[in-house]
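Reading through the structure tokens given below for one structure.
Order of writing sets the labels: A, B, C, D, E and F. Residues in every chain begin at 1.
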Amino acid sequence: MPYVNIRVAGTLDKVQKAKISRGVTDVIAREANKPPESIIIFIDEVPHENIAKNGELLTPPK
Amino acid sequence: MPYVNIRVAGTLDKVQKAKISRGVTDVIAREANKPPESIIIFIDEVPHENIAKNGELLTPPK
Amino acid sequence: MPYVNIRVAGTLDKVQKAKISRGVTDVIAREANKPPESIIIFIDEVPHENIAKNGELLTPPK
Amino acid sequence: MPYVNIRVAGTLDKVQKAKISRGVTDVIAREANKPPESIIIFIDEVPHENIAKNGELLTPPK
Amino acid sequence: MPYVNIRVAGTLDKVQKAKISRGVTDVIAREANKPPESIIIFIDEVPHENIAKNGELLTPPK
Amino acid sequence: MPYVNIRVAGTLDKVQKAKISRGVTDVIAREANKPPESIIIFIDEVPHENIAKNGELLTPPK
């Protein structure tokens, strides 16, 4: 029943999302010994101005 | 202080969100013995192309 | 493919977790029109000293 | 490697997000003794109609 | 700045966690075009009795 | 109704959790203009072997 949440800065196109989903599912199914059909992935595309590192937004206000 | 996060594929209308919130709050208040006014629910409506099962997006690229 | 995360302060016994899971699944299946077998719930039991409200831990240090 | 997720009802402007990020990073770096450059913050702006308290949406349907 | 949260039922040994982390990081770095050193993964090992599917705990009470 | 989740590697003592909760609540109340009594914080203390950066666990297997 693995649940995976992937949060990235900015957007991904549909092919990128498909390849990430396939690849991450394969890794977890193989290494954790879980049936792939039980693996659910949610991808969150988060605007750069909503993410901070070291106290700074990725796109800071001017 | 229960916190609930509900993630669904696609969108819900406002009446659905209201009924889910009422129903889920009632269940948790009753079964977990928590004051309903302490229960917070966040509903996330996630696009089908951002969710994968069995390594496939719910709406795969063509 | 609804995913639900319920975080409560303290612990629940197994019967409480079972009743909450049944009740929350029924509500979401009915109101959001989702097949119940697609609904996954994760319950997190969080120690009182790891939760704060109004800037105070639920069990503050002396 | 602290990860922080802040979910607020409604929207924030960029200056608010920047000040929150700076302030929260400073607090965690100082009190938890973590290098500020290792602290990542994700801010989620959630519509009022997707949040419920006491079984009621913050903006209920009429 | 990708953040990944992987929640599994039960426990994993350290080698499994290491292989999953390596594999998932490689997939995301390659497909999403992100520097691997910016990818953070948190693995949550969740007891079977805290996870439900179809309204039933993975290990239901007798 | 701000909800904050802070995930740290390793453990914090109760005084650290109290100071972080107070400080983070003050920052969000002030900068986002939210009543402090509406701000809920959950702190997750995550074992080093369950966190990876750059594809490596913080405490890798030998």
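The rule is simple: a contact is a pair of C-beta atoms (placed from the backbone, for glycine too) under 8 Å apart; a residue touches a chain by one contact, two chains touch by 3 or more.
A quick note: this is a predicted structure, and the numbers were derived from the prediction, not measured.
For the interfaces B-F and B-D, the C-beta contact count is higher for B-D.
Same interface as A-B, judged by over half of the contact pairs sharing residue numbers, among the pairs D-E, E-F or B-F: E-F.
Centroid to centroid, with C-alpha atoms defining each point, subunit A and subunit C lie 23 Å apart. Rounded to a whole number, the gap between the C-alpha centres of subunit B and subunit E is 21 angstrom.
Distance between chain centres (mean CA atoms), subunit D to subunit F: 11 Å. The multi-chain contact residues of subunit F, meaning those touching 2 or more other chains, are 1, 3, 7, 40, 42, 51, 53.
Per the contact rule defined earlier, chains pair up in contact as A-B, A-C, A-D, A-E, B-C, B-D, B-F, C-E, C-F, D-E, D-F, E-F.
Chain contact summary for the complex, subunit F toward subunit C: residues 14-15, 17-18, 21-22, 25-26, 36-37, 39-45.
Those residues of subunit B whose C-beta lies close enough to touch subunit C in the complex are 1-9, 12, 16, 19-20, 23-24, 27-28, 30-32, 34, 51, 53, 58. Interface residues of subunit D, counted against subunit E in their complex, comprise 1, 3, 40, 42. Considering their complex, residues 7, 46, 49-57, 60-61 of subunit C touch subunit F.
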